[in-house]
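Just passing along the structure, written as structure tokens.
Chain lettering (A, B, C, D, E and F) follows the sequence in which the chains are written, and residue indices restart at 1 in each chain.
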Amino acid sequence: MLHIINKSPFDRPTLDTVLRVAQGGAALLIEDAVVAATRGCIAANKVVELAKKMPVYVLGPDLEARGLADRVIEGVQVVGYDGFVNLVAEHRNCQSWL
Amino acid sequence: MNFAVLVNEGPYQHEAADSAYLFCRAAIEAGHRISRVFFYHDGVNNANRLSEPPQDDRNIVARWSKLAEAHGVDLVVCVAAGLRRGIKDELLPPGFRISGLGQLIEAGIEADRLVTFGD
Amino acid sequence: MAKKFMFVNRKAPYGSIYALEALEVVLITAAFEQEVSLAFLDDGVYQLKKGMMPKGIEMKNFGPSYRALPDYDIDKFYVERESMEARGLTPEDLLVEVEVLSAQELGQLMEAQDVILSF
Amino acid sequence: MNFAVLVNEGPYQHEAADSAYLFCRAAIEAGHRISRVFFYHDGVNNANRLSEPPQDDRNIVARWSKLAEAHGVDLVVCVAAGLRRGIKDELLPPGFRISGLGQLIEAGIEADRLVTFGD
Amino acid sequence: MLHIINKSPFDRPTLDTVLRVAQGGAALLIEDAVVAATRGCIAANKVVELAKKMPVYVLGPDLEARGLADRVIEGVQVVGYDGFVNLVAEHRNCQSWL
Amino acid sequence: MAKKFMFVNRKAPYGSIYALEALEVVLITAAFEQEVSLAFLDDGVYQLKKGMMPKGIEMKNFGPSYRALPDYDIDKFYVERESMEARGLTPEDLLVEVEVLSAQELGQLMEAQDVILSF
């Protein structure tokens, strides 16, 4: 399953919920959730933890919008909207953690 | 592949309607088909033809209409959510139609993937 | 062949419309003869709390609607244990009979679904 | 006392529009004056006269109109937020008018208190 | 200042922010925030902490709607919309922590 | 006599419209010759991050607008230290010169305001 997370880890508990519940597949951070995957952000350790369970992707256009493209932590992969589409296609189902 | 998309938020307030559109466009560019976009909850507010954003901003409503015209995407507005919020036939932009929640479930059944965008 | 639809409820009731809408959608999904289950986690657990009295905020009490769902063969209510306990709730506090699952068990169940809708 | 109220969310999706209305009514009952309610962001969607909620639900839009009629409350819709979302003169219910953000700041200057409701 | 909190402490960080930033006045929990003031809820300790700094009120109609009126913790006071209005009138300004 | 207006920004940019709208409102408030200050805490600190490039999500870059505010005598930018540090940001990362305050200092400043608007 592809787990899509769209909210900042400071503003919503979804990243915690995914860490607790998700049993595999992959995770994609979009919209305000991209801040979680940046260097120096105290929530980045949660992304590191998630990356031990499944590949974690982060949406490049949302990183760039927020001026954070040069701060992505190691271990997560930046993708464009084409990559987003591929991730949806590659996993048999997806869940948007709204 | 055949994708269906669910949009739960209106235009401009949250990024959801933007992400949904950009996803649809990228899917089509990659050779997939977007069989239906279902607008639910505040998402029905994407279907207000009176929307008139500033000149230097993207036109979210018009973008959906163009997507429908160019690629035959079925844009469905939830009738019950639309009634509550005052989105009725007379407000619909080109390419949108109003129907019931059954269209969402049907899309979930028939599409290979259903992707949700919301707040 | 029926698909497995899971409705994932993560928001408190009355503060937003999602709980009420989810009740609509599960009925329609059942009418399409699909396999329906409901998961309650995070603040979604509050949706099942007994004793709702929304008269003071002029809203409709939709608590009883959960009790009617088994009449439509919708009786798979899963509650995540950690979310329930963090809120000081027990199965006795809830409107319907639920199956309490660990986060891991719920996650495995989600993996087995065809379509997941978030409310 | 003279209160002004700011509403940042549309009807039905979130409780904000309900809380704002119930606050206004209670303030008036307590002998205060609501000089202005300013609808901003998605709050402009409170001003859609086509809104038609289910019979057994509260009518949020009509409630505002009645409040304006009965107590002279000035209901102001932000012009820029309204344009983006397609809330224009032809959609306005009784008692609402469209104006600029200056009306919000003016209310903040002139009222004794400004209370905000939103998501 | 009257601090108005309208979101569940599980869903948003506003109760934490108020605890950190607020320097006095009073706090009112409305809408989904009322769950914070209930017995057994792990976030109730935050409300207890806040109540040491300022009086904490919780909106009765929102508690009743959610079936939580009989679970209010000690040390917070339940008010109706009339009490909400009084609280706004009594404090020279207010802040809705959205 | 001018009132003290403070704009409290707590949301990340682009994910929602609040940052953009706040920029509009502060200008109008200054035009009314009121005392204007902006506070950035929680995710609001991201609103000031240098190097925004929202072209890929088809939105307008409003980063430069903050830099223009001092031309309108709007130059009180307060950033809460804990929020900034939790996000790994320093004053050098920010678009404008800010005053970094402790949570307590910011709280005291808020107490001294006449009107607070949340974005």
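Throughout what follows, contacts are C-beta pairs under 8 Å (C-beta built on N, C-alpha and C of every residue); 3 or more make two chains touch, one makes a residue touch a chain.
Since the structure is predicted, the reported quantities are computational estimates derived from the model, not experimental observations.
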| item | value |
| --- | --- |
| Those chains which touch chain E and also touch chain B | A, C, D, F |
| Each chain counted as touching chain E and chain F at once | A, D |
| Maximum centroid distance from chain C, chain identifier (CA atoms) | F |
| Fitting chain C to chain F on CA atoms, where both chains share a sequence, rotation angle to nearest 5 degrees | 180 |
| Of A-F and B-F, whichever chain pair has more C-beta contact pairs | A-F |
| Between chain B and chain C, centroid-to-centroid distance (C-alpha), Å | 26 |
| Centre-to-centre distance between chain D and chain A (centres being mean Cα positions), rounded to whole Å | 37 |
| Mean-CA-position distance for chain E and chain C (Å) | 26 |
| Contacts with 2+ other chains: residues of chain B | 12-13, 15, 19, 22, 41, 57, 80, 114, 116, 118-119 |
| For chain E, residues contacting two or more additional chains | 6, 10-11, 13, 31-32, 61-62, 80, 93-94, 96, 98 |
| Shared-contact residues (touching 2 or more other chains) in chain F | 14-17, 42, 57, 59, 114-115, 118 |
| Touch relationships between chains, expressed as pairs | A-B, A-C, A-E, A-F, B-C, B-D, B-F, C-D, C-E, D-E, D-F, E-F |
| Contact footprint of chain E on chain D as seen in their complex | 1, 3, 8, 15-16, 19, 22-23, 25-27, 29-30, 32, 112-119 |
| Chain F contact footprint on chain B (complex, rising order) | 12-15, 18-19, 22, 56-58 |
| Interface residues, chain C side, partner chain D - complex | 14-17, 57-60 |
| Residues of chain D defined as touching chain B within the complex | 10-13, 41-42, 45, 48-54, 57, 61, 80, 83-88, 90-91, 119 |
| Contact footprint of chain E on chain C as seen in their complex | 11-16, 42-43, 46, 49-57, 59, 63, 86-89 |
